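Two complexes come next, and they have one chain in common, chain A, joined by chain B in the first and chain C in the second.
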Partner chain A sequence: MAKVKKYLVLALVIFVAVITFIPFLWMVSASFMPTGASNTYPPKLFPEKFDFSHYQILFSRLNLSRYLLNSIIISLGATFFSLFLNSMGGYAFAKFRFAKKESLFKFLLSSMIIPGQVTMLPVFLLLKNMGLINTYWAIIVPGMASIFGIFLIRQYAFSIPDSMIEAAKMDGATELQIYLKVILPLCKPILVTLGLFTFMGTWNDFLWPLIVMTDSNMYTLPVALANLSSEHVQDTEMLMAGSVITIVPVLIVFLALQKYYIKGIMMGSVKE
Partner chain B sequence: MLNKTKLSAIILFLGPSLLIIALFFFMPVIAAFAMSFTDFDIYALGNLDYLRFVAFKNYSTLLSDPLFWTAIKNTFYFVMVGGPLSVAASLAAAVLLNSKFIRFKGVFRLIYFLPVVTTHVAVSIVWRYIYHPRFGLLNYLLGFIGIGPVDWLGDPNWSMPAIILLVVWKNFGYNMVIFIAGLQNIPEELYEAASIEGASAWQQFKHITIPQLAPTTLFISVITMIGYFQLFAEPYVMTQGGPLNSTLSIVLYMYQEGFRWWNIGYSTALAFMLTVIILIGTSIQFKLQKERNG
Partner chain C sequence: MAEVILKNVGKVYEGKNRAVQSVNLEINDKEFVVLVGPSGCGKSTTLRMVAGLEEITEGEIYIDGKLVNDVPPKYRDIAMVFQNYALYPHMTVFENMAFGLKLRKFPKDKINERVNEAAKILSIEPLLNRKPKQLSGGQRQRVAVGRAIVRKPKVFLFDEPLSNLDAKLRVQMRTELARLHHQLETTVVYVTHDQTEAMTLGNRIVVMKDGIVQQVDSPLNLYNNPVNQFVAGFIGSPAMNFIEGKIVNDDGIKFTSEKNTLQIPLDEKVFSKYVNSKITLGIRPEHFSDEDNTVNKIKVTLDVVEQMGNEVFAHFAIDGKPIISRLKPKDTYRIGAEVEISLDKNHFYFFESETGSRIA
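Entry: the complex of A and B
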């Protein structure tokens, strides 16, 4: 009986894994099929011969290297700034002592229930007035600080013993020196987590870049891909190649640092 | 205990992040609220002299706008069906992976998690072809169990189920990770005691696992619901809201009104309707949970 159950569970686990994985498998193999080969019946899971031409066309004729570059610059830029601003804010909320600190933080947390879409039009108009539409800053600047980011750092910074900060003060360190020399090194794991969240969130985001990048030279990969998919509906293989290029960088980053990502989910789901 | 912090340090450390949050979140929320009472449109965009206060006109127009009700209906369909399905799939996957029979748990967890980290737009495009009525993988597989070809994205009755299926596939890994942690926090003795008393696996699941996971489930349900009310990329890429507006979501309608037709006042009113709906939905979930705990 136990044996039957064991194989049943195992079969189920493998079945779910196969279902989860098949779309990726099909995406990659269709991207290597000659034009039209993926639109056949019955559908093929593997290419009969490998054709790299879709990747070549994407990079030569369809400007994909530019979009890739845009995505990399924007995602790295947003990550860099958000790490600094959020870590300073999160540390201050964890360790500084000033009046109304807790109520200010509670107010920030409770406002997270307001969906971000509410702010889209005013932020767009603001950025337009600042002349930032169709620049990298249009995506980087609004993402430089987030309530979630501050929350994440704060949770982690609580675990730093006050005595370490005390000792640094005794040695005559300024607040800024304490932050740079004591806090940041101790916060390394959570900084990796927050950086990963920011990088992947920015990379995968679609709605905001769609709004602020109207010049096709400034498209990020998801916007370019969505655009391509409406202009080249028939070119299945090329769209699959484009999808592969969009997904692979973020997948590599995730696979390298997955431990930190899972930790971040856990920390984000602890309730006070 | 640390001493009171100097004001200059508070400003230096909190100033930048709070400034950004104020400038790009709180002020825009207030501005959007104000705009929702104006007729801000493409003419006002060119010259603010055309801007007029219209009180509740945007809101009353919305209530008599059939497309608004279509978007509400579609979004509720998505949230009410897709939300519970997602949570159930996550829980099932978590229980499965938590089984003592399974080895290489890390590998399976990783595979289950892959869709979560991939780009919405890219997977939506991939699934558009998986759903292809003639050449798609899904219809091919369904053919083996005798289910005739379904025009997933072309039939208004199937378009929303198709989007729900994609989203469940994409998201179940995220909540699964949280559920696994919740499962590991349930004391083993509870199950041992139940086994001794002869409780079946299903009874144990119902009377131990589910109640013990209740706080986790509430958290996951609320987060999932809030996220699902904001459905956008999938219908934008796969169906553009069609066929026959069967996948037009609130945010997609908001985007079209705001950024395609520049009916800014109208679009911000829509945004606040969404906020109110999310607030009501969240408080209902908390209330239900409280009642259950009696």
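Entry: the complex of A and C
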């Protein structure tokens, strides 16, 4: 009976996986079909012959390499600064003693209830006055530090024993050396997790880049893709090729870091 | 190589909780001093103040003649071994031990030399390339000690270093620490709650309770001449037995236990002024005997008998209070057996019941 149940569950899981995977598979496969081939009836799951022309057009005529570069610079930049600042903040909130620490943290946490859309206009005006609109900083700066990131690091840093920090002090480390040589390496799993969140969040973000990037040369991939869909509304294959280019980098990053990512999410839940 | 001096050192947490109260202590060069006491007695706080990990609320601490109150740990030239080892999990054993030297910008060959030397002393040479999680508890402890000795500090601080080890390993590491101290000839301040560790390791022992130093003395003196009931009860295993009673003048000065089970004639000169005051009699387990049954003898029923082979711990009750005696092993000691036991009058300790201070 238990065995039957196990196979039933397995079958269900496989079924759901297939359902989820088919649109993705079709996106990849349609991107290699000649123009119009994806709209025939009955629909085809695989291309009859591989056609790379959409990719060629995307990179040559439609300037996609520029958008790809924009996306990479912005996502990496935001991830780097977010890891740097959030880890410092989270570590300080977890391990330092300073006045009003708890109430300050509660105040920060409470600001999480404000929806992101509400702050868009003020942040936009702020950035405009700073002259950062249409620069990479317009996306990187607002994402540099987040309450969520600080919270994530703080919870993780709690699990680092105080004695380890004290041992480093006795060994002669300065506060900066403790942070760089003891805390950061120990936080690796959670840093990977946060890095992944930030990278994917920035990479996939559509609304904010649309607001702050008015110069088409500064578009990120999702914004460019949206433009593409309005300009080439008939050309499904071209859109699919654009989607593939947009999704594949995140997918690679995610798969490469998956091991650490799961470790990071699990850690802190049980104390070793 | 240095002496450590504490003058009226006190610690108050957040203006109200007093953890340590005016500790005065002179730890000589190359001396092994053990701070011992129950948890919460302030021993760890005292150690951490010497280390520089806790601020000193009152008093002064001198290391090697230099006032260190405001000197951060890294400039105090001390090393500390923590209870939970506190090894850096992302570094190998070698890197763990070399970390302090690297931060102090030692040249590479010097670091190698120091680490290898320490590894040899602690017999952890084959482990140098492993990570801490691949080590057993005892090995981790050695690495923690190694990390301390590579720096060749003036003073070693140990904060309950053996509490996380199993009983057998603890005994083994204890011996090794004693040997190591002999070999390195460095000043050691060692904190433990285990009186056996204190007795076996310390040149001198500092017994603390509620943030106050009760007595500072050599192990034997502490054992034989405790200044109060707390020290008497804390040092020694099994612990000293205490029998509540009072001094009466009934046909001569006598100590009588609460239910009159025990009546002990006493020296009038010393005890006459305590007539009618509550007194506690302390007697160590080994000062009971079933051989010399002429004086201070009582008949007891054994309720637990622990045969150790070379000795036997016989438990019984006086006035309904549990008493442990340490006797020579005999087959006749069984649960329920009636035995006549005498108390050695040369080894009585008397304490004022209220204050716990020693009378005689």
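Criterion: the second predicted complex is superposed on the first by the 245 of 272 C-alpha atoms of A that agree within 3 Å, B and C clash if a C-alpha of one lies under 4 Å from a C-alpha of the other, contacts with A are read in each partner's own complex, and residues count from 1 in each chain.
We take it that a residue touches a chain if its C-beta (ideal position, glycine included) is under 8 Å from a C-beta of that chain, and two chains touch if they have at least 3 such contacts.
Just so you know, these numbers come straight off a predicted model, no measurement behind them.
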Partner chain in contact with A:171 - chain B first, chain C second, else both or neither: second
Which superposed partner A:182 touches (first chain B, second chain C, both, neither): second
Touch count on chain A, higher of chain B and chain C: B
Touching partner for A:5 - first (chain B), second (chain C), both, neither: first
Shared chain A contacts, counted only where both chain B and chain C touch the same residue: 166
Of chain A, residues touching chain B in the complex: 5-6, 9-10, 12-13, 16-17, 19-24, 26-27, 30, 38-43, 84-86, 88-89, 91-93, 95-98, 108, 111, 113-126, 141-142, 144-147, 150, 162, 165-166, 175-176, 179, 200, 203-204, 206-207, 211, 221-223, 225-226, 229, 236, 239-240, 242-243, 246-247, 250-251, 254-255, 258, 261-262, 265-266, 269, 271
Partner chain A, residues of chain B touching it in the complex: 1-7, 9-10, 12-14, 16-18, 20-21, 23-29, 31-32, 35, 93, 96-97, 99, 101-102, 108, 110-115, 117-123, 125-130, 132, 134-137, 140, 169, 173-174, 177-178, 181, 215-216, 219-220, 223, 226, 229-230, 232-233, 236-237, 251, 254-255, 258-259, 264, 267-268, 271-272, 274-275, 278-279, 282
Complex interface listing, chain A residues touching chain C: 161, 163-164, 166-174, 177, 181-182, 185-186, 188
Chain C residues within the chain A interface of the complex: 51-53, 72-74, 78-80, 82-84, 86-90, 99-100, 103-104, 147, 151
